[in-house]
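Two complexes, one shared chain (chain A), two partners (chain B, chain C).
Showing the complex of A and B:
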């Protein structure tokens, strides 16, 4: 009995030591005045000062709203666009076409940093393809500063994110569409269902579990967005594209304020937890009355 | 109608791949310079080394653990699966500070072994879940037959389970390698020295050193992308084959 449990120990220890303990350590440090350079000296217990500091910081709210906006907008677009694409591919019976699969797979496999750099290059003022083409077609008189104008910067970040993530949503939804038995479609056809009705009453209800699971995972992923924004704009211009991940990073490595950074990351975990809980409740409600 | 749809889908796909074409176009003629860039070569070597070792470590740990979890009714199984889920979904920024402090204390900052430990932790969950599901499909009767012949769990694992799951093991190894090859944040935080940086970090910081050298950057991107595409095509094929087998 003991030997059996013992063989699971390495993995358990790794998870606890490197996955769970740091989070609790973070939670512990969020009540301390502690600095990154001298973490073993000068610590003091400051109760909720770090949280008070953050919750009165306009930068934090800015980052929070940006993150929430980013999550909601990209999630909305990627799920609806992914569904449309998947349904179109399914209808055109191209789900297994080699070229299409390649096109869906390449963006999905591209490292995030790489896609961020590629899109930076694409939108670059003078080197970018977009400005060059627009100039060539005489549609613009001067180069558009895609990455140094707040709204445009968000637009480019959104494009980069959607470019990478929409294929993922499409692949998953397509595979669950392909799993719907053929008889279901035939029965619907015999009953006279066409076009929109097929989508509304067959496709969506039958894959809604998958849709909710995708929303959950994509949301947890989007909350921790860091690499894309860091590489493309570094939060600029002037904090216009700041997100929570960058906020924590800056508190940690620019201000060296370990306590503040920990408190912010605990808030982030809380946010992720609340959103995950909401989706989970929706999931349970929907799947219950369906079965 | 169907034909219009098809053409439209192909056009969308072509536009979708536009940034790739542009990066490749800009990279032409800059490869020779890039191969003299020592920092890039260092990061390439670091990533290959870390990726291979992490893949080996994760696959061996996860396969043994998943085997024990499926073959015995252990209470810890649920705990481990739950921990795996938690570890894989919380925001990783929250562990950056604590790991940085502890790693600088025990001088694991800037070392490949430190990164291997962290990457092992964060890529274990996926592989563990995958292999757990896979081993459950291998019938228990095989184990029982071997056990009757006097084989211990270790022998069963090595001689019966592993040979049957080679495709799953390679797929998991490739997934871990890709995870390491793509991961940015942890590698970025846990390395300060330029020579210890893994590839994504080096790519992200490329421009701060070479402000306008877009040619070299795109060449570096192309080189970084090659193994990803080859390996992911392989995994895709393996996944598809498995799916087909299941359907049959």
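Showing the complex of A and C:
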């Protein structure tokens, strides 16, 4: 074996051990009936029972739609807001103000649970900063039930997610914008391109690869949303903010059904795989067109 | 030069760590896992210190867990399902015992039990620690839902502590009509185990699912409780109440000791049985409680039993009740003069505790409770939800749980 290939081994081994093996093991367990609470009912092979159990559960579909909605909406806002911010920063500073970029990384450096707890306290119905300030300014007569009203609860979760992720998108897109050769812009100015045309015909096409990669990463991340919802609402009120991550968590820790939880994880992985494939096909198509 | 200094530091560090490792410690280490408030943890550390002095051969490590009981549950499940022997003694919520013993994770305590006075423990708490006729845990302390009232405000308006739902409603309305800043009655309505406790208390007072849901609905729609109770857990309700924003609160006894440490509120709060129902004699409350159990995977079950017996002995239990306002699980302590003197409302509480009921004892309790929380929370957050339908769903799920249990045996 060549030395070049050999140097890949450590990463490959770690990847296989912690990335591939667990997925296959989960797949294997998803066909087993493992109920920790009632070990005497365990079966070593139950065909597709676990999948049937999940796919006939209305709560699963509820969680699924919530997750997909969350992915689409936050992704749309993150990427468009991130791009606008990046472009504005690019025009205003040409990337010379490193402090701004450093500041943008702060939300991302905050541990997810911490930021979720922070937002929970910020929006807390009776103790929250927001309601208290609004009350002091006499802008509201009754506390706004940020966390106990389904739509508002989603709004608060969305805000927490956007706060954390948009700056990251901004920083990546900004660095990509800075990589566009200066001559391109100069040529565009000479041809009379201004404002929207610069964005539409120069910025977006030239950083499209980065945009697509960002969409891919963010999407895979958003599908796994768990920490924010777990800390802020635990899926309440009445399952209005239930997501797939919580569904798996409940199957494992409350029902203690390892098989069912594995099957649910496999469904989640499958879903992420399908979405990733779509993005990948789009990526291939768009990168070909322009080359 | 720099390298030399660095080298000296490194060598020193290595030597120090070697020295530490070589120091022989012949003591056996026991680990107890317990999640608790600050006062409780402090007390537990003190009691462990006494235990270590009495038993020089044993060293006890305290693994402090997050205060939320569902998070503790997750930690225990993670350790026990992996057959991990690190933790010897667990502090278990009353509702987990059937589940954990069915899973075969707890050591049966029958062989040890003869060494302490079984008769002294309250029957309700003992029943909850028993699964299929075998005892799996020792009741450490118990608690039950209580109604906290702002007696100073009530007296100002010429009211007594309410005994029925209509009385409570009337008081809240009258006071709100003159001082609208008061939120009436706060309880725990977030989608979590606390909602199940609150639901059961209302259910026992009202007799069936439908009228229970109706009553809880009414409390929100008629502004007896603020809508935000739907996101409250114990501490949220406590803060609102202690901020002087609510007239009534449903909570566990631990809040009493916190109120007693607050000079502004100290004499302004009264305790009484809950009043979700129409019958003044029927303030049934939900039995909560924490119990010490020994892991089946423990390497030193005999020593672990020593620790359990020590912590649940009369003296330690009395100290715990006095310091944390939790309730004892020993009958002899209910009559104890010190404990009676600790709380002026003891007579009433005593009665509540004796009448408190426990949530269903089944290994499938958490499946049931999840469904219950989900449906009740959904019904409360949606003003147009039909109670009949949700009551039917709950009945169906309960039947399913009973079938599962039959199949399991």
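The rule is short, and it goes like this: the second predicted complex is superposed on the first by the 262 of 291 C-alpha atoms of A that agree within 3 Å, B and C clash if a C-alpha of one lies under 4 Å from a C-alpha of the other, contacts with A are read in each partner's own complex, and residues count from 1 in each chain.
Heads up, the rule we're going with is that a residue touches a chain if its C-beta (ideal position, glycine included) is under 8 Å from a C-beta of that chain, and two chains touch if they have at least 3 such contacts.
Just so it is clear, the model here is predicted, and its values are computed rather than measured.
Trainee: Just chain B (first), just chain C (second), both, or neither: which does A:92 touch?
Mentor: first
Trainee: Pick one for A:43: touches chain B only (first), chain C only (second), both, or neither.
Mentor: neither
Trainee: Quick one: chain B or chain C, who's touching more of chain A?
Mentor: So, of the two partners, B touches more residues of chain A.
Trainee: Touching A:208, do we find chain B (first), chain C (second), both, or neither?
Mentor: A:208 contacts neither chain B nor chain C.
Trainee: Once the shared chain is lined up, is A:226 touching chain B (first), chain C (second), both, or neither of them?
Mentor: first
Trainee: I'd like to know which partner A:256 touches here: chain B for first, chain C for second, both or neither.
Mentor: After superposition on chain A, A:256 lies in contact with chain C alone.
Trainee: Touching A:145 in the superposition: chain B (first), chain C (second), both, neither?
Mentor: So A:145 only meets chain C here.
Trainee: Give one of first, second, both or neither to describe whether A:236 is in contact with chain B, with chain C, with both, or with none.
Mentor: A:236: touches chain C, not chain B.
Trainee: Looking at A:124 after the superposition, I want to know if it touches chain B, chain C, both of them or none. Which is it: first, second, both, neither?
Mentor: So A:124 meets both chain B and chain C here.
Trainee: Which residues of chain A are in contact with chain B in one complex and with chain C in the other?
Mentor: Chain A residues touching both partners: 36, 39-40, 124, 127, 253.
Trainee: Quick one: in the complex, what on chain A touches chain B?
Mentor: 4-5, 7-8, 10-12, 14-16, 18-23, 25-26, 29, 36, 39-40, 85, 88-89, 91-92, 94, 99-101, 103, 105-119, 121-122, 124, 127, 129, 163, 167, 217, 220, 223-224, 226-227, 230-231, 244-245, 248-249, 252-253, 258, 261-262, 265-266, 268-269, 272, 276
Trainee: Note which residues of chain C are touching chain A in the complex, please.
Mentor: On the chain C side, the touching residues are 73-74, 77, 81, 99, 102-104, 183, 189-192, 226-232, 236, 239-240, 243, 245, 363-364, 366-367, 370, 373-382, 404, 407-408.
Trainee: Quick one: in the complex, what on chain A touches chain C?
Mentor: For chain A paired with chain C, touching residues are 36-41, 59, 124-127, 143, 145, 147-150, 233-240, 250, 253-256.
Trainee: Which stretch or stretches of chain B touch chain A in the complex?
Mentor: Those residues of chain B that touch chain A are 2, 5-6, 8-10, 12-13, 16-20, 22-23, 26, 61-62, 64-65, 68-69, 72, 74, 76-77, 79-80, 83-84, 86-87, 89-102, 105, 117-118, 120-122, 124, 128, 153, 178, 181-182, 184-185, 189, 200-201, 203-204, 206, 214, 217-218, 221, 224-225, 228-229, 232-233, 236.
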